[in-house]
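Some structures to go through are shown next.
One chain, subunit A, appears in both complexes that follow, with subunit B as partner in the first and subunit C in the second.
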Partner chain A sequence: MAVDMDVRTGEQTAHKTSFSSWRKSLKKREREITAYLFLAPFVILFTIFIIIPVAVSFGLSFTRYNMLESPVWIGLTNFKILLMDDDIFLIALKNTLVFAFITGPLGYIMSFMAAWVINQLKYKNAFALAFYAPSITSGIAMSVVWMYFFSGDRYGLINNILINLGFIVEPILWNMNEKTILPVVMIISVWMSMGTGFLVFLAGLQNVSRELYEAAAIDGIGSRFQELWYITLPLMKPQLLFGAINAIVGSFGVFDIAVSVAGIPSPNYAAHTIVAHLYDFAFIRFQMGYASAVSVCLFAITFVLGRVSMRLFSSED
Partner chain B sequence: MNTQRKAASVFDRKFRKRSGTINLEKFKHGSYWSDRIFRLLVYVLLFDLVFVFLFPFMYMFITSLKTDADLMDITVKWIPKTLKFSNYKMALRYLDAATGLKNSVLVTGLAVLGHILSCSFIAYGFARYKFPGRSMLFALVIVSFIVPAQTIIVPQYIRYASLRWTNSYKPLIIPTFMGFGLKGGLFIFIFRQFFLGVPKELEEAAIIDGCGSFKTYFAIILPIARSSILVSAVLAMVWHWNDYFEPTIYITKTQKYLLPQMLPSMYEMMKMEKQTLPFDPLTMTTVERTLNEAVVMAGTVIVILPLLITYLFLQRHFLQGIERTGLVE
Partner chain C sequence: MTKNKVLKQTEIRKKRKSIKLSWGWFFTYSFMIGLVAFTALPLIYMVSTAFKPIDELFIYPPRFLVRKPTLTNFSNLLTALSSSEVPFTRYILNSVVTAVTTVVLTVIVSAMGAFSLVKYRPKGSDAMFKIILAALMFSPHVTQIPTYMVVNSLGMINRYSALIIPKIAVAYNFFLMKQFIEQMPDVLMEAARIDGANEWYLFWKIVMPSLKPAWATLVVFSFVANWNDYFSPLIFITSQAMKTLPLALQTIAGGLSIARAGAVGAATFLMTLPTIIIFTLMQARVMETMVHSGIKA
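Right, the complex of A and B next:
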């Protein structure tokens, strides 16, 4: 993300100024103080509201704590239960992973392809609006509309079509049937996934200079797909990274669509996700220690995936 | 060097044959007809996709205006025979939309303001000043948006509960004024990208003219960050308006619900309404659907419409802003 690079150049200039004269170093001191003043609200409150709570939560994950009595240290028990005995967490983990590894890449590739295609057309903005519109609506509201499509009786749009086409005889209870709940959540999520990532791709594509394509044409690149592979993608690494992180965060944080489709808990936990599990333990049962253990797991997974995608898309190579 | 010249001569022979001007268009897209077919295919595919994307909206708007008779009549798919605007009146009542709208506008507006003020301010510090610990702090900013907000919800909840902030809008608004809140890290990133591109001479001139650092920032730097401000404001607005997770956790009092939160309780009420209906053996199955569907759709429209309209007004500038800031680069 080009962070490292400008830090380096900053260091060089700082070196020049700090050794040139004593006056300048005093000035630098002044600038440092102003810098801290600029960042102070962030640093102080980030510490109070994020760092300390996160540290506390990490600590709490080794305790039993219900917010009324003081926490009791129980060592690794929470994690042991979580990973060994809590079948529902394992279901949630599996569901979340299935969900993330299907909708994440699918939404990601779809938004990139859509951005790539409409970037070459007239009326770009109209198309952009059509694709972006689902993302500016509230998930809880639109999943209601989708539930009418997936309604369990014969009049539900999808059942109706499938019956008319002769694929099924009996209507499918989409939001009751264990096998169909998760796919329904996925379809709605993919529909809503052309969000910020899509817009960033579009902007990135627009910033690739035309001359590069012309130069590449001279160098013998023939098809649009070669153009895409050899020129566009390498130039868009920062945007691709941003999109990937966005997709990871989005797909591991899935909650409101799953809840409004299937409720908490969903039939036989078929749409139970990690965040739903977290919600269940933290805000329904108030077992904060155990919930902290769940969030430590979620943090670890997303952090690792975030780092992996940073590695993959880093502009160093 | 040699190969380059060779390539250039091959290029000349191929494309300067007739007129002497370069026909790059032809060169790039292969033959005329394959290009035409490609384009046609793309348009067909794209319109299909656009249809799929917009279908739920069309369905929602149309259904929200249907009368009971239209809803039951299978022949009425798209154009209702009569428009029943009273569905909206009913939905407004069931939703308690006046309260919800007021609450949502208040929270979203303040949150957007908070994000803009704090994130740009912090980003300026990151972009302009060199000080020990800068890279570490910035790494923290990055971390704050590569992990989902839900991971820190437990500690945050405990903290806010101990401050007795639950059932108020403080947990939703105050963090935005401190530069985090919902995806605040991203806004810091956007502003920082912009400030890095601003020439230093601008501030130097201001300082020579006797402006202090803070005055320079507010009077000179912030006003030129217009496109970043717009982009962040639109994104913050969308995310805060639609956020469901945090409000459900912090706000449990019905009078304080935000607009999207009111939808589920509206469905509950509609279900109750259904049960009090006189039993009708003929339409037993359909009464339930009709009563719910049109009004529920109207309610959904009410929830998403304010944002859609605002977005439509801002879209052109918003897209331009994203192009200009690049968002990430």
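Right, the complex of A and C next:
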């Protein structure tokens, strides 16, 4: 009897599994189709507006193309002109590099410090909002506000203060003087860019387990600064990397603040940036091949620096 | 978390709050006060200027705060400027329509895509994620020239769609969504599947509600980015009536004519307000999402 029962239930389960595996494979098939359907809108748009454009940019950078006639292959000529003969591009490159290597690290370090301190304060959210607010404002709107501060006459707040303190006699034309344009753009940009990294860092800091600090205290780590160096920073590598990549992309893409402070072209190209050069050649002169070469340079710089920071903040070790 | 653990944690927290006075802390705090002044003063000045009556705008020596606040600047902005070709309200409409549509579409498209990538893992998903990580590393300006050709050939120049469609599939948004979905448990989904729910229903009724912090974050970031975007309208929009607020503001502010100084103040204020409000409303959820934003390389 017992044996008989066993056999029968065995048969039944066998039957059941073949049925359910058939159903499962149907389900699996259905899920695969849904997977592709769900992914399709993003992939299609991403391909049309990101992947293909990057490839086309590379291709066009080796051509002469004005959008009216079809592109003509000219090899590396664009790059040769760009790096050897185009003095204005070299100014733009220099300006962008100076800008990026000062504002990028400065904004990055200040936003980390701020996140680290604010994380230990009461009313964290209020401080966070105060600190983050500038970065969600519009570069154009804020340049207008900052230009009240840097206004070139006596009405400008900064000129007014400097004159009253006796540092200067005549008001400084901040946005027309070649020497002061880039520093003004940098101040406004640092002011605006601190917030993006800040949020990432603040969130990362909140995620570091308190117990680790306790354990560290037992191991003899005394001050907060030691805590920061030996525990917090190593744990936050992924956030530090994300913040670094954002900072690189942001600082090399400088354009709108420079344009609204100094105009395009700026006096003696003092605030000319890579993106401004790209805009000039692509959308004012419609020399798309040459402009693509500019964009390939921009791509190469940010990509290499992105890779470097991936090395630097690698979590594997 | 057990009660004991919670108690212990609050105890530790209390201990950490009592900060020892030392030179290190003195400098840290002075630095912070300086930093907060640096971030807040321009914003305070902006708000104050928006409400300044005309005589206070041109007073010498310049004054930081408003004495007798008034709304004249706003009414000037909305009425006096309407006598010109395009009323200011039209720019507001353009900005609202394009920013809101882009936000809604990017949230849905990124959520669906990231959900599929993480939970179904279709073939090629690893390669795709690598491409998206790489795309985080270059500025959007790099793709503008070919994008311009596409937009131009589709006849989208001077249309809302030029400001919307190219900006739906953004690597940054997809990345944040994906990071958040990765730590979402499968239990709820499995339970719903056993109850016979199909995948479409599952996505809208189970997945989307539990992704609320992630899409709230995308709402904030995407709205801020599109509302403030200057480059796309600059190249895709040539008709005055289709311009968005950043371009319009630049036109009004250009030359800084004396009669318009007050209106410009009001315009910068109006332009900044929505982003601050949206961020304040979503702040807690944004923080919840950003915890997962790190890149493990």
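Worth a mention:
By definition in this document, the second predicted complex is superposed on the first by the 273 of 317 C-alpha atoms of A that agree within 3 Å, B and C clash if a C-alpha of one lies under 4 Å from a C-alpha of the other, contacts with A are read in each partner's own complex, and residues count from 1 in each chain.
Assume a contact is a pair of C-beta atoms (placed from the backbone, for glycine too) under 8 Å apart; a residue touches a chain by one contact, two chains touch by 3 or more.
Keep in mind it's a predicted model, so treat the numbers as computed, not measured.
Superposition model on subunit A: subunit B and subunit C are shown in a clashing arrangement. Of the two partner chains placed by the overlay, subunit B and subunit C both lie in contact with A:242. In the superposition on chain A, A:313 makes contact with subunit C only, while subunit B stays out of contact range. In the superposition on chain A, no contact is made by A:72 with either subunit B or subunit C. In the superposed pair of complexes, A:109 makes contact with neither subunit B nor subunit C. Look at A:215: by the touch rule set out above, it reaches neither subunit B nor subunit C. Of the two partner chains placed around the shared chain by superposition, subunit C is the only one that A:225 touches, whereas subunit B remains out of contact. With chain A as the common frame, the single stretch of subunit B that clashes into subunit C is 43-51; none of the other options in 7-15, 43-51 or 277-285 do. Counting contacts by the rule stated earlier, residues 31-32, 34-36, 38-39, 41-43, 45-46, 49-54, 56-57, 60, 67, 114, 117-118, 120, 125, 127-131, 133-134, 136-142, 144-146, 148-149, 155, 157, 191, 194, 199-200, 202-204, 206-207, 213-214, 223-224, 238-239, 241-242, 245, 248-249, 252-253, 255-256, 260, 275, 278-279, 282-283, 288, 291-292, 295, 298-299, 302-303, 306, 310 of subunit A appear in both its interface with subunit B and its interface with subunit C. On the subunit A side of its complex with subunit C, the touching residues are 30-32, 34-36, 38-39, 41-46, 48-54, 56-57, 60, 67, 110, 113-114, 117-118, 120, 122, 125, 127-134, 136-142, 144-149, 154-157, 160, 164, 191, 194, 199-200, 202-204, 206-207, 210, 213-214, 223-225, 236-242, 245, 248-250, 252-253, 255-256, 259-260, 275, 278-279, 282-283, 288, 291-292, 295-296, 298-299, 302-303, 306-307, 310-311, 313-316.
Across the interface of their complex, subunit A is touched by residues 7-8, 11, 24, 27-30, 38, 42-43, 45-46, 49-50, 52-54, 56-57, 59-60, 63, 118, 121-122, 124-126, 128-132, 134-135, 137-138, 140, 142-159, 161, 175, 178-180, 188, 196, 213-214, 217, 235, 238, 241-242, 244-245, 249, 260-261, 263-264, 267, 285-286, 289, 293, 296-297, 300, 303-304, 307-308, 311-312, 315-316, 319, 322-323, 325-329 of subunit B. Contact residues of subunit C toward subunit A in the complex are 9, 12-13, 16-17, 19, 24, 28-29, 31-32, 35-36, 38-40, 42-43, 45-46, 49, 58, 60-62, 64, 109-110, 112-113, 115-117, 120-122, 128, 131-132, 134-150, 152, 165-169, 171, 174, 199-200, 203, 220, 224, 227-228, 230-231, 234-235, 245-246, 249-250, 253, 256, 264, 267-268, 271-272, 275-276, 279-280, 283-284, 286-291, 293-297.
Of all residues in subunit A, those touching subunit B in their complex are 1-4, 6-7, 10-11, 13-14, 31-32, 34-39, 41-43, 45-46, 49-54, 56-57, 60, 67, 114, 117-118, 120-121, 125, 127-131, 133-142, 144-146, 148-149, 151, 153, 155, 157, 191, 194, 196, 199-200, 202-204, 206-207, 213-214, 217-220, 222-224, 238-239, 241-242, 245, 248-249, 252-253, 255-256, 260, 275, 278-279, 282-283, 288, 291-292, 295, 298-299, 302-303, 306, 310.
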